[in-house]
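Order of writing sets the labels: A, B and C. Residues in every chain begin at 1.
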Amino acid sequence: MKHPFAITLDSGSSLANLTGSWRTDRPVYVDRLPPCNHACPAGENIQAWLYHAESGDYESAWRALTQDNPMPAVMGRVCYQPCETACNRAKVDDAVGINSVERFLGDEAIKRGWRLTPPKAETGKRILVVGAGPSGLSAAYHLRRLGHTVVIYEAGPVAGGMMRFGIPKYRLPRDVLDAEIQHILDLGVELKVNSKVENIRDTMKAGGFDAAFLAVGAHIAKRANIPAGAAAKILDAVQVLRSMEGQEKPLFGRRVVVYGGGNTALDVARTAKRMGATEAIIVYRRTRERMPAHDFEVEEALEEGVMMRWLSTIKRMDEGVLTVEKMVLDDKGFPQPTGEFETLEADSLVLALGQDVDLSLLDGVPGLELKGGVAQVDTNMMTGYAGIFAGGDMVPSERTVTVGIGHGKKAARHIDAWLRGAVYAPPEKHELADFDKLNVWYYADASKTVRPTLDMARRKSTFEEVQKGLDESNALYEARRCLSCGNCFECDNCYGVCPDNAVIKLGPGNRFQFNYDYCKGCWLCEAECPCGAIKMVPETI
Amino acid sequence: MLKQTEGSHATAEAIALCRPEVICAYPITPQTHIVEGLGEMVRLGQLKNCEFINVESEFAALSVAIGASAAGARAYTATASQGLLFMAEAVYNASGLGLPIVMTLGNRAIGAPINIWNDHSDAMSMRDAGWLQLFAESNQDSIDLHIQAFRIAEELSVPVMVCMDGFLLTHASERVDIPEQAQVDAFLPRYEPRQVLDPGEPVSIGAMVGPDAFTEVRFLQHYKQTLALHLIPELAAEFSGRFGRNTGGLLRTYFADDAEMLVVAMGSINGTIKDTIDEMRADGFSIGLVNIVSFRPFPTEALRRLLAGRKHVVVVEKSFAVGMGGQLANNVDLALRNTPAAPQVHSVIAGLGGRSITRTSLHRVFRRAVAQPWEGAHFLDLNEDIIGKELHHVRKVRRSGPTAENLLRRLDQAAQHAAAE
Amino acid sequence: MTDPTATATANQKLHFYQKGTFTVGNRLVPDTERSVQASIDRSNALTCGHRACQGCGEALGARYAMDAAMRATGGNLIAVNATGCLEVFTTPYPETSWQMPWLHSLFGNAAAVATGVAAAMQVKGRKEVRTIAQGGDGGTTDIGFGCLSGMFERNDDVLYICYDNEGYMNTGVQRSSATPPTARTATTPAMGPEPGNVFGTGKSVPKIAVAHGIPYVATATVADLHDLERKVMKAMGIHGARYIQIHVPCPLGWGSASHDTIRLARLAVECGMFPVFEAEHGIVTSSRKIRRPVPVAEYLKPQRRFAHLFKDGGDSQRLGHLQAIADRNIVEYKLLEPEEEAG
């Protein structure tokens, strides 16, 4: 239509006016590191697998998860959840139940028979892994996925290490553990049980191994020098928990005292209750706040009737009776003796004072440094002897399953690089997605799903699993509570809130693009991005 | 069809024959009967396919018409006096947007003092608003000019105001010839807008135009009116051929060929003037008439041709620009600008606020133009006694009160005085 | 009185964050349930290149509303615009940002012009083509109020949308009858014993619209797109006179940061100053509940037009008066009561 001059204009002709020239700051899309991922000792890309779980695609979620950790069903039970401690959602209502979803995915995989992805090609390299605990299994898995031939030497009769001999059944049912170990073995990892490595260099030479990863764990109980009468019954925690896996169960008597403040102490006390002890008392020299054990475990133990005796040290044991000295905390929080003594009736005393590593297999290896009862490794997890790597409880670290699994992954990557004469360079870490980068208005209020627990009567008398898992609907709900901190989840907010229509939507999976021809740099997209995936940077003229 | 009827109703019938699609009605004397008539016709189904909207003000009336016209409907409204002023902003807007709205103006004085009777102050207040302004001499003229108005408006895409004197025409019952629908349909085709709001072809109408193009927009608006100077006579001729009546195009003349004095006037007063001319010519006075039909566009060229070489031009008008003089006289002066041997122009202001213009007074003033020519404007039948007293009073008393009230009081006193004598 | 926070929390239904939450889009929801603004082929009735200030709430609100109406009518829509910022920044010759038929006539007559457009569509037999009038609060609550009331009273088939930024921003931030008490404008300067706009003035045009008994009246804000779109769509499903007032913060006039536009719109609702509700045929039928109650000060403080309230230790008396206004809204519109069940 030929229309009147000036007063009538053609539709959409303002596209000729490039308002981008007004801008002094430009928005850019960024990916930031979610705090859960950042906190995970196993290096899981938690947000990525939750993203799949949110849409109900649990197999993809499991596959994303197992890129980093082959044992989600185990991890979903025994991990102390540093991810949830770090979770930004905790500042809104409660942390996302990452651990519950992880367990759900692991259990789904077992239930549905999903198989781990086998390697694409074989490298022909042979790697020796010593120890079939979490660290060794993890390393074996990752090395195998990289195409290497892996043989695990395990001193014990079955694989699992501390997952089997240190963690009671009521926390980790053995069928779950066995299933996830089997997933790894199914990839073609060879497991040699009852095969203690006496000398690492000999074994490597004999087996034609190109490299070794040592993860023998810490299985030797620390002893305390407690004067004891002849009839005093003193056991150690490692021995007690290990014998739970065998035919001959330990004999505690009716009244059991456990000495120590770690998780192992609690495991023993709770085990004793289940074995029929009428009294299980934990004696610890400091206070509950200073206990190394995780609070939820303390809570569960108390629920089950385990008793606690804080600020106490055991001075002596005679038949049926313990002498205990009361302690006080000094200014620095250390316990100091008071000289006040009491007695405590006890049929047995279990020492849960920590564990040492049997480092004898390293005898005579040149360049190896041992310090504080553990092997020293460099940042690449390699010992002073080229080609021998180590991880898990036998190197300086926090001794948890999750850390062990993380060590296995990390060592595998370095071993792989070392075999190729290269150095593994981890990808650069993104900036952390702090809570203040988020706009949490956009998330609906949704409290955490509380996992069901076994009823108390059965908790006290059986070894059934205490914590139950989520079902499909509440696992989905829990996954959807994820805020996707630092990474675009295609919520369309930037596309919607731009007053200048300067955001181009690229379609599902492709995120967005700024149209700098028109973006005036008002910062609205940055302010209204729920997950902090937009950053403003000054324009350079 | 010949019939004896009121001017407003005859006008309403003519408008109905033009098949308006949206009619906006708001009451103001003296145009009210026109929209009432149209409202009845819509209710009775005599005027089909028409939205009759009772709005809340004249401003809304014209605004509704603007919307309707921009959306492609033939839109009509009517107003007068204060109503025209209340819609003033929209009056300019309609022409600025080039919307072919037709509006009847039942000419009436503007207050204060409030006055419902006829003069041309209202039309003159909007003379520069970009509308065409056509003045009817009679109710037959009103009928014929309205029919032409829609055609002119739509051909040029410009709004047209048809002016008919309040009461003198709107309320006068005369014999008129109402055309047949088929005749009107043949003369006035369907409305084909130059620009229209249509989702199928979206445009933005009513842009903000800055210094870079505003002058050109105005020039083009003016250019349309110069086109109207040709179109109006052409259509008048076509109308005459179809309907057998001549509305004169831009202007009509009466004994103008040989007259030494030409009177210039607009609207219904031309009837009285023609009677006066008959009488004066009978007395041997060389006088004729130019009846201006199109005040906007102003027929400058045609007037110049007619007026050049005459001895006297007397402009009789029912409006007055306070502090300046008669608007029509000023426009006539302009038409004669730089004319060799320009006639003497005499300005007469008459009939304000409905005052009767008598033949006697016209006789006197036409003769006086020759005998005692005056400077500036001459107010016909001005009561100089009252003016004198009021001026004396105002000079004496600082807070003298409203002049109009004082004048009314003085008139009253004078009447009582006369009655007592 | 019970703890308002607890009530507000109880008011909220548990939604999964992708579904029913507050982001514009949602990858997990079917296309048909997503917002218009999330759509890759939304009409962008108001497109790029317009000259609104950075972070303009009105530009945003207008696109939200028009795109929703375009969706609702299948593009059979005509808009009439009152004079004001929206008109000026979208259509300076030689460019227009509108991608729909659009008409600007005057400041005070948008409602009447729209009546004319609707009448034309009726008479032309194009009943599928619907009409929207839009303007700022000045063009609506003040100068355009007569025409607006007339359009309401006749129940003309027009949806009138008022973009309420609480003042005459186009002319340089003067007071309108929608300017809140204490706000500084160029004609209510922050001077003298009672700086800013005075208490006891102004009017609620939404309430006045309700009093006309027209089929549909609603308020909405740019901070709640889903609510806004739902209301526009609902309005377009109704014939007769309809009115929606959309709260659109103005960085220039309010003295706020451009990135705070949506946050301020949100806080206005959450503190109770801008009640979001809808009414049908003269009766208020629902209100949008407060989700995270905040004191009015939290809404006022980021705006320089209220800066005088926070100087020298704060004007607690007048802040208290403003809080009382918000509290009255909370009671009147039941903003902290449990959500009504969807019908």
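The rule is simple: contacts are C-beta pairs under 8 Å (C-beta built on N, C-alpha and C of every residue); 3 or more make two chains touch, one makes a residue touch a chain.
Everything quoted here is computed from the prediction, not taken from an experiment.
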item	value
Between A-B and B-C, the pair joined by more C-beta contacts	B-C
Nearest-to-centre chain - CA centroid comparison	C
Relative to chain A, chain with the most remote C-alpha centre	B
Rounded Å distance, chain A centre to chain C centre (Cα mean)	49
Length of the line joining the C-alpha centres of chain B and chain C, rounded to whole Å	45
CA centroid of chain A to CA centroid of chain B, Å	92
Multi-chain contact sites of chain A, meaning residues that touch two or more partners	6-7, 9-11
Sites on chain C at which at least two other chains make contact	90-91, 93-94, 96, 98-100
Set of chain B residues in contact with two or more other chains	97, 202-207, 209, 213
Residues of chain C defined as touching chain A within the complex	9, 12, 14-18, 20-28, 34-35, 37-38, 40, 44, 46-52, 54-57, 59-60, 63, 90-91, 93-100, 225, 257-263, 266, 292
Interfacial residue positions of chain B with respect to chain C in the complex	21-22, 24, 49-51, 53-57, 59-60, 63-73, 75, 89-90, 93, 97, 197-199, 202-210, 212-213
For the chain A and chain C complex, residues of the former touching the latter	6-7, 9-19, 22, 54-55, 441-446, 476-477, 480-483, 489-493, 495-502, 505, 507-508, 515, 517-518, 520-524, 526-528, 530
Chain B - residues contacting chain A, complex	96-98, 157, 194-196, 201-207, 209, 213-214, 216-217, 220
Footprint of chain B on chain C - complex, ascending	75-78, 80-81, 87-88, 90-94, 96, 98-106, 108-109, 112-124, 129, 146-147, 149-150, 153-154, 156
